[in-house]
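Take a look at the structure below.
A, B, C, D, E and F label the chains in the order they appear, each numbered from 1.
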Amino acid sequence: MYTVCVRDHFMIAHSFRGQVFGPAQRLHGATYVVDLELRRPELDPDGLVVDIGLAGKALAAVLGELSYRNLDDEDSFRGRNTTTEFLARDVFERISQRIAAGELGEAARGVTGLRVTLHESHVAWGSYEGALPASARP
Amino acid sequence: MYTVCVRDHFMIAHSFRGQVFGPAQRLHGATYVVDLELRRPELDPDGLVVDIGLAGKALAAVLGELSYRNLDDEDSFRGRNTTTEFLARDVFERISQRIAAGELGEAARGVTGLRVTLHESHVAWGSYEGALPASARP
Amino acid sequence: MYTVCVRDHFMIAHSFRGQVFGPAQRLHGATYVVDLELRRPELDPDGLVVDIGLAGKALAAVLGELSYRNLDDEDSFRGRNTTTEFLARDVFERISQRIAAGELGEAARGVTGLRVTLHESHVAWGSYEGALPASARP
Amino acid sequence: MYTVCVRDHFMIAHSFRGQVFGPAQRLHGATYVVDLELRRPELDPDGLVVDIGLAGKALAAVLGELSYRNLDDEDSFRGRNTTTEFLARDVFERISQRIAAGELGEAARGVTGLRVTLHESHVAWGSYEGALPASARP
Amino acid sequence: MYTVCVRDHFMIAHSFRGQVFGPAQRLHGATYVVDLELRRPELDPDGLVVDIGLAGKALAAVLGELSYRNLDDEDSFRGRNTTTEFLARDVFERISQRIAAGELGEAARGVTGLRVTLHESHVAWGSYEGALPASARP
Amino acid sequence: MYTVCVRDHFMIAHSFRGQVFGPAQRLHGATYVVDLELRRPELDPDGLVVDIGLAGKALAAVLGELSYRNLDDEDSFRGRNTTTEFLARDVFERISQRIAAGELGEAARGVTGLRVTLHESHVAWGSYEGALPASARP
């Protein structure tokens, strides 16, 4: 199995609901350094998993939808705790949709799985990985 | 699959027996920077894999059982080479027991797998990963 | 010149005022991974720049005054942009006061300079360094 | 499953053919920081996945076959784009052959899988992972 | 003294002349991960050393002049060994000129010193640091 | 000022005397990842601060004198606490002597300063820096 990974970051404010979160129930924030891994069993005719230029642009576009925002104010997250692992899944879904829409190029439809990792500090990270929805591949 | 990871470290002395170890047969030591990864297919009702505060405390407690010691003097390691990969398995077992004992919270019983990685330098690491023993989950 | 460094982190929300900040004028947040460097020309009688256990506790205490907060609501920052470099200076001053108060031990009065670096992402950091105020040393 | 990893690097020149590569169609180069991961379900009698001294020597030997070269001039790569993911596979095959030849020691025949990751910058990497060819194990 | 740093990278081919370089006399290449540090004793009215958005754009522009090229073919480097430390100085000079030209904003004229570090692998880097030419400040 | 840096590591056992050290008074150990920085104001005729091949060999030789040992048993450290900062100074002196002896090449006599940093974990390091003894330069 081949994998390529591109890295970028975003910065947000948010708060959590639930006693388990302790002081993180207060409004605070985070920098998330994001690793987007794309996997496929065979390379495309150019010798690539995916054009990492396009992958980097798609990742920047997705993170741009989140960055420099207070996630508590975002309709799409209403009633949810935007934990690191929850956000990893959210970025996974947004990237999956862009692959299905052809934004990473036609060859990227050969991608069979993704992993999205959000590093929240030097001592903690969370990730979500899964197969791409069938709809992403013809 | 969701994963969260917390990082900590411990510092020990030890020696190895066997010609394959060369100069490491002499008493020496190591800093191990430890990554504890916890995995589960669905998040708990708070949107978490596990409370990373509790996970960090459990990891610190386990590493506190080992740190600032000469492992050659520990009864539990008698007759064993405490290699990086062996110690990764040992930390895996100690964390598994604490999960089973409820120390990471009731929700942590949803954790289905662990990976423990010990970084021994900037150029070498070892890890052990596996499913959690059935006894850890009701 | 000898230097020791300890690392910790804090997570905050804030916003900036001024067109130069672009989208960062919106409420957002950051994780700051903090390196506290302490310098002195000669070691103390124990062979130390400073007890890094005490240094780590002082750093954790200082960062605890800031972490899990919206800095826009803090009186001490009213009317100021809490940029990375501004916060590095703020942490520098708070640590200096604790050294002067003896919290890092009497031997720490031999420390002649500090540097505080705040890493805001994998591609940007800011720092403040300076000599310790004379009042910190007898 | 146990894993050990050793890290080394190599530095090469090359160019790519295909419009997808944009300016990388020009002759340029890269440093690849290489992580070689070796996996097996049980440790050998010494408590090891593999002798990492021998693993490091084998990796250095393989990278020495590539380093300080213009890959465009290498017969074995003629007509191929030596992308990061392609080179990860190439290093995987070269290491597999050395394991089969016994260069990592007889105990290394217990290794059941490899992963080779090439870090090309602080924001991009590629890898290839797979089971070892049956011929590597008696 | 305040410092801010932004990071980017570039990828080039080159060769060296002189027996001291051994196999690096052959055409090869490198990824250089570049840290640009900018220093000044007091912050500007916005609370900044410099607008890191503009600093990042200037760094990307300078590295774009070098990246995806064979430096052996560049007129400006004719007869020179483009070593890591030599290139660090070259990037230093190019950034200095852009500061003097006002590309990092008028406030950036308060910058009094720069350091440019080029990381060539996980085990080696080179840097050049110095005061800004007087011409950069009114 | 130009700087180049090479990185290597060593692994030792030791114990400390003094209540300030708490549990580290017991026999334990550490991995030290070592950064050796060499500085000079002008490059040599090859465009180098120093031949980093020779610098790396000298560093490996010095660390080989310490590695895989119990420092409590070394005559040269008798009665001393081999703290991180103390060892940084020790490595500094050993490298200085090798430069004076010509082991890094004649051109290395142009080196005017060194910094040696020992990373003991992901959250702590110590260093010693200074001018080279006059005897190192003709």
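Points worth noting:
The definition used in the following text is that contacts are C-beta pairs under 8 Å (C-beta built on N, C-alpha and C of every residue); 3 or more make two chains touch, one makes a residue touch a chain.
Here the structure is a predicted model, which means the values were calculated and not measured.
Between chain B and chain C, the least number of touching-chain steps is 2.
Interface equivalence for C-E, evaluated over A-D, B-F or A-C, points to A-D, where over half of the contact pairs coincide by residue number. Note: Cα superposition of chain A onto chain D, rotation of 120 degrees, nearest 5.
Relative to chain E, the chain whose mean Cα position lies farthest away is B.
Chain geometry summary: the mean Cα position of chain A and that of chain F are 42 Å apart. If each chain is reduced to the centroid of its CA atoms, chain D and chain E end up 31 Å from each other. Annotation: 28 Å between the Cα-based centres of chain B and chain D.
The residues of chain F that reach two or more other chains are 7, 122-123, listed in rising order. Of all residues in chain E, those touching chain D in their complex are 7, 9, 11-14, 23-24, 26-33, 67-70, 120-123.
Every residue of chain A that touches chain D in the complex is listed here, in rising order: 1-8, 43, 46-49, 51-53, 56, 105. Residues of chain B touching chain D in their complex: 16, 18, 20-22, 80-86, 88-89, 122-130.
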